[in-house]
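Which chain is which? They are A, B, C and D, in the order written, and residues in each are numbered from 1.
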Amino acid sequence: MATIKDVEVLNCEYGKNTIKFLRLHREGKKHFVKEVEVCTHLRLTSAQEYLEGNNSLVIPTDTIKNTVLALAKKNGIPTLEQFAIDICKYFMTFCQVAYVKTYVQEVPWQRLHENGVPHVHSFICVPDGIRFCEAEQCRNGPLVVFAGIKDLKLMKTTQSGFEGFYKNEYTTLPERHDRILCGELFCKWSYGECKDFDFDCIWYMNKIRECILEAFAGPPDCGEYSPSYQKTVNSIQMLVLSKVSQVIEVILNNTFYNVVDMKNLGLTNDKEVSKCSKHNLRGLFRNTQPKSIAAVLHRVVKASKLSHPAPVKASPYL
Amino acid sequence: MATIKDVEVLNCEYGKNTIKFLRLHREGKKHFVKEVEVCTHLRLTSAQEYLEGNNSLVIPTDTIKNTVLALAKKNGIPTLEQFAIDICKYFMTFCQVAYVKTYVQEVPWQRLHENGVPHVHSFICVPDGIRFCEAEQCRNGPLVVFAGIKDLKLMKTTQSGFEGFYKNEYTTLPERHDRILCGELFCKWSYGECKDFDFDCIWYMNKIRECILEAFAGPPDCGEYSPSYQKTVNSIQMLVLSKVSQVIEVILNNTFYNVVDMKNLGLTNDKEVSKCSKHNLRGLFRNTQPKSIAAVLHRVVKASKLSHPAPVKASPYL
Amino acid sequence: MATIKDVEVLNCEYGKNTIKFLRLHREGKKHFVKEVEVCTHLRLTSAQEYLEGNNSLVIPTDTIKNTVLALAKKNGIPTLEQFAIDICKYFMTFCQVAYVKTYVQEVPWQRLHENGVPHVHSFICVPDGIRFCEAEQCRNGPLVVFAGIKDLKLMKTTQSGFEGFYKNEYTTLPERHDRILCGELFCKWSYGECKDFDFDCIWYMNKIRECILEAFAGPPDCGEYSPSYQKTVNSIQMLVLSKVSQVIEVILNNTFYNVVDMKNLGLTNDKEVSKCSKHNLRGLFRNTQPKSIAAVLHRVVKASKLSHPAPVKASPYL
Amino acid sequence: MATIKDVEVLNCEYGKNTIKFLRLHREGKKHFVKEVEVCTHLRLTSAQEYLEGNNSLVIPTDTIKNTVLALAKKNGIPTLEQFAIDICKYFMTFCQVAYVKTYVQEVPWQRLHENGVPHVHSFICVPDGIRFCEAEQCRNGPLVVFAGIKDLKLMKTTQSGFEGFYKNEYTTLPERHDRILCGELFCKWSYGECKDFDFDCIWYMNKIRECILEAFAGPPDCGEYSPSYQKTVNSIQMLVLSKVSQVIEVILNNTFYNVVDMKNLGLTNDKEVSKCSKHNLRGLFRNTQPKSIAAVLHRVVKASKLSHPAPVKASPYL
């Protein structure tokens, strides 16, 4: 059997994956809710619990959960990002913690309205895109904050094609200049080092969501032609980049629609009836992203790169 | 081994469960989409394919799928209900069909708006409640149509309690007069026999969705006290019943929120932090509904009961 | 708005849907586990909580959960069926309960073996078919018990065809006498009125699972030709019926495999490469079963029918 | 808006995520099946399709799918690893491909046996652990192969504890020296550079699966005490490392079982009734793994590190 001397520990990380709770805030009769799912992972300065079974430095995942709940009780959740920052800062106060990472996503509760009047304490879940954020910090490194939106399902029924692609013996796809473009969007950007941002203000003032929708759809009266999923991803990135951030990752899990061939049924189908050919778009690569078309852009700003946290030493294998 | 003479066939049904497709309708540059999932099941007059392996009366599920697509191409999908009716009527033209049932649900695509301007061909998926309908017909019986809404997730953060319930040795639940009420609503009603209804008109004019939300939430400035999930289910039924239908089935898959006990953490939690105790609300009973609190009401109208289709002879076991 | 006088309550049922727990039994160093998921639903003699908000007869779902756990602690889980019977009998001791139904399914933990030696306390989850049971009782009716197996995924790569079916303008399916037959099997039978059965003994002695597999596959050296999914369903039923029961419900959620057309790729595909055309077999009908091919058989035994519990008065609509 | 000059492309990858098919191999009357799910992703030498909408180098995802099917037809699937290698090698023949990665996982069909006799053409799905592999290659780099097993659910009901951990104001977890240890295991190792391995031979001869089970469970008559999930992960790694590989990643998605407190029910629960506290272990971090306890080990072999492919230039942010 291999001994400990033969090996090098590349990563030894643990955490609590889904701490889900609702934080209620009351102002008189008016109620505000934030229901969130939080993941918090730690890496310790020593791997002695893992190599030797010595637990003395281990902060139990149960304590991680209690901490997240206690911080929510004490500080509230002013914004997802601020809450993720609070969690990271708290765990950095333990000297055995070498790295902390926190992910927070929000259950999309919206206030109910009756005939335009907002209800004081009733809400409906409207999952047309999920806001999330991440914060991470290495000891002696800056606290870096990301934000994003995911599970945004969009479709345009024309102004999309795919032509002039590479062809070989196994190419059967026809060239098309008028097809449906449909996908589930994931978009993530960086705020760089944590500052005293008003994160919700950036979100609402800069209209990031609106900007994504506009980049996808083009002008309301005519749209804008997309020559590929890839180009649409890039258009979204460039427009978002003009608003908020240095780094943009955009993934478009495309859903193809094939026009149903109805010749055998004695019918002419002028692209009126299409079938979704999405089988199962869960990505199966564990170490990369569940992506169909994914691209990561980086704004060229020299100084910013120097101050980033050193990531875990990655194996070239992984 | 048992022989065929020893047994009685109680049901022998087959069909295609998920025929999913998108129907595009164009009016000049303006596009309209309906993406639907259709299930169609048949019962034949003879069970010879099942008992004897004689397939001569069997309409293959592949043909069922082709038929649904062809009808969508030819007739469009003016309303979900009309489309379900079209399918039932079509299959009733085959003399070997004793019974047909069709379910249609809609993918909730909504037209995108940019600064209030509707986009001509771009859409976003907004799953805040799914509209569906069912149509069914026995040979020599009327065609009956149901409609409904499901997957509507609602929450009120006060004006809900549960008190005065039955207690015994295993009761540990405390009485509460101020709790969160949250659940996923399923609501289904009958239009009775198929007539020349404008189903979308009934839906929009009678504001059924708004009516459900109002019955759940109460007035916007103060809400209305709910003494139990059961009573809320009944309130929704009574209000919907005043609008559209004879029969109302309402199911509220409740999601309990428990206030987190923070005494051990040295904190006082004034119902500000709650955890969802929903484990897995998939119902496991196959022959009933996935229900937590379910109730079915029937408006007392004598004549209407006589003309309904005879359902399949149900085993008392099933 | 409709008033209570205008309506008739057809059903008002509630319960707890997923009470999941593990029951550990020790015999010296040897451990035995049963992890189960339990659903228990009740119907009360009065619907006053629902109509009037009077909770005095309501046994809270929290109490239902506590009761199930307490019974597991006190009685253990000798068999799934006996445990379901215990639960039903317990709730029938409350005079306000008109009907109780319990479903129990088992997490398929199997004892680990190392080089053929069984491990005293280690287990592996092997989900190749899930055993379940149901018990139900109406006041003044007998306690009736069902058992079954579900989620059994089976495939045969030949000895299956589908020919001689009905054809019309929308038929494009070719006749096939050699195709893959694959599906997920659900099989449920009745033990009739509860007696002092040793349910596990019936299961193991009668080799019900083996019997299902054999009816599906045919003899190991050559198989047996299946002319349709329907006939295979019937074969399974007839063989199981010879072993254990009065009523057999069998559902085969078929998964079609289509031979991939490789002519455009310059290749001849002798049924070597097939693609699964299963899109999404979740049934969407809520009030029937998620079925593709479903059939229910009843053994003709006159006396037995008379003693069965009267089911809830079903609306012909539902 | 940002222009292309302002940005640097960090990654621009695309591919087909779930190419699922069944490959049938016949030897006389005896049939052999391999049903697999394949993901194949490419990175091109230029990002012109993404930046400029020029598709001339893009191999469509539809062609990727056709290629995978064609290779399966031509070469068969002798082992998952060999098939992944075939795919990578094929795509490396295109000069515009800078990087290719392929993941293959197997649907766990097992041959049916009737009274110990293997069936010639019938199979049952037994998902007690899923075998998978990955192969990847950068242009001018070696082809590297990984293999693994996932979704292996294991439990031991004693010989597990967690004591002596770090405590602070938010610690409420009691120390325990006898608890249930349960989790879903993911285990992945590297074969290093692709050689003429007989991968199935390594798998079966080295008994990797048996080795994992043994490291988890300990000797069959008494087990072996685990002081933490972390230590168990390490034990599995060290034992597997002695068999097959240089790098081992093991993730144990732990499922906690809490002993139910029955004092309020008037009962003493000697750890006989436990409830699973797993809420939702889907990891939410997209850019790391869905992990609870994860660790990566690297065998210290100097030469091997030099020849590995250079991974994509990773942003320190991502």
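Simple rule for what comes next: a residue touches a chain if its C-beta (ideal position, glycine included) is under 8 Å from a C-beta of that chain, and two chains touch if they have at least 3 such contacts.
Every value quoted in this text rests on a predicted model; they were computed, and no experiment measured them.
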Turning angle required so that subunit B lies on subunit C, C-alpha fit (0 to 180°, nearest 5): 180
Pair joined by more contacting C-beta pairs (C-D or A-C): C-D
Computed distance of Cα centres, subunit C from subunit B, in Å: 22
Centre-of-Cα separation between subunit D and subunit C, whole angstrom: 32
Inter-chain centre distance, subunit A versus subunit C - centres from mean C-alpha coordinates, in Å: 39
Contacts with two or more other chains, residues of subunit A listed in rising order: 20, 66, 70, 170, 172, 265, 279
Residues on subunit C engaged by subunit D in the complex (per definition of touch): 20-25, 29, 31, 33, 35, 66, 69-70, 72-74, 109, 112-114, 117-128, 152-159, 180, 210, 213-214, 216-223, 257, 260, 262, 265, 267, 269, 271-276
Residues on subunit B engaged by subunit C in the complex (per definition of touch): 1-4, 6-18, 20, 37, 39, 41, 47, 49-63, 66-67, 70, 94, 96, 101, 103, 105, 132, 134, 144, 146, 162-168, 170-173, 186, 188, 190, 227-231, 233-234, 238-239, 241-242, 247, 249, 253, 279-300, 305, 308-311, 314-318
Partner subunit D, residues of subunit B touching it in the complex: 169-170, 172, 264-266, 279
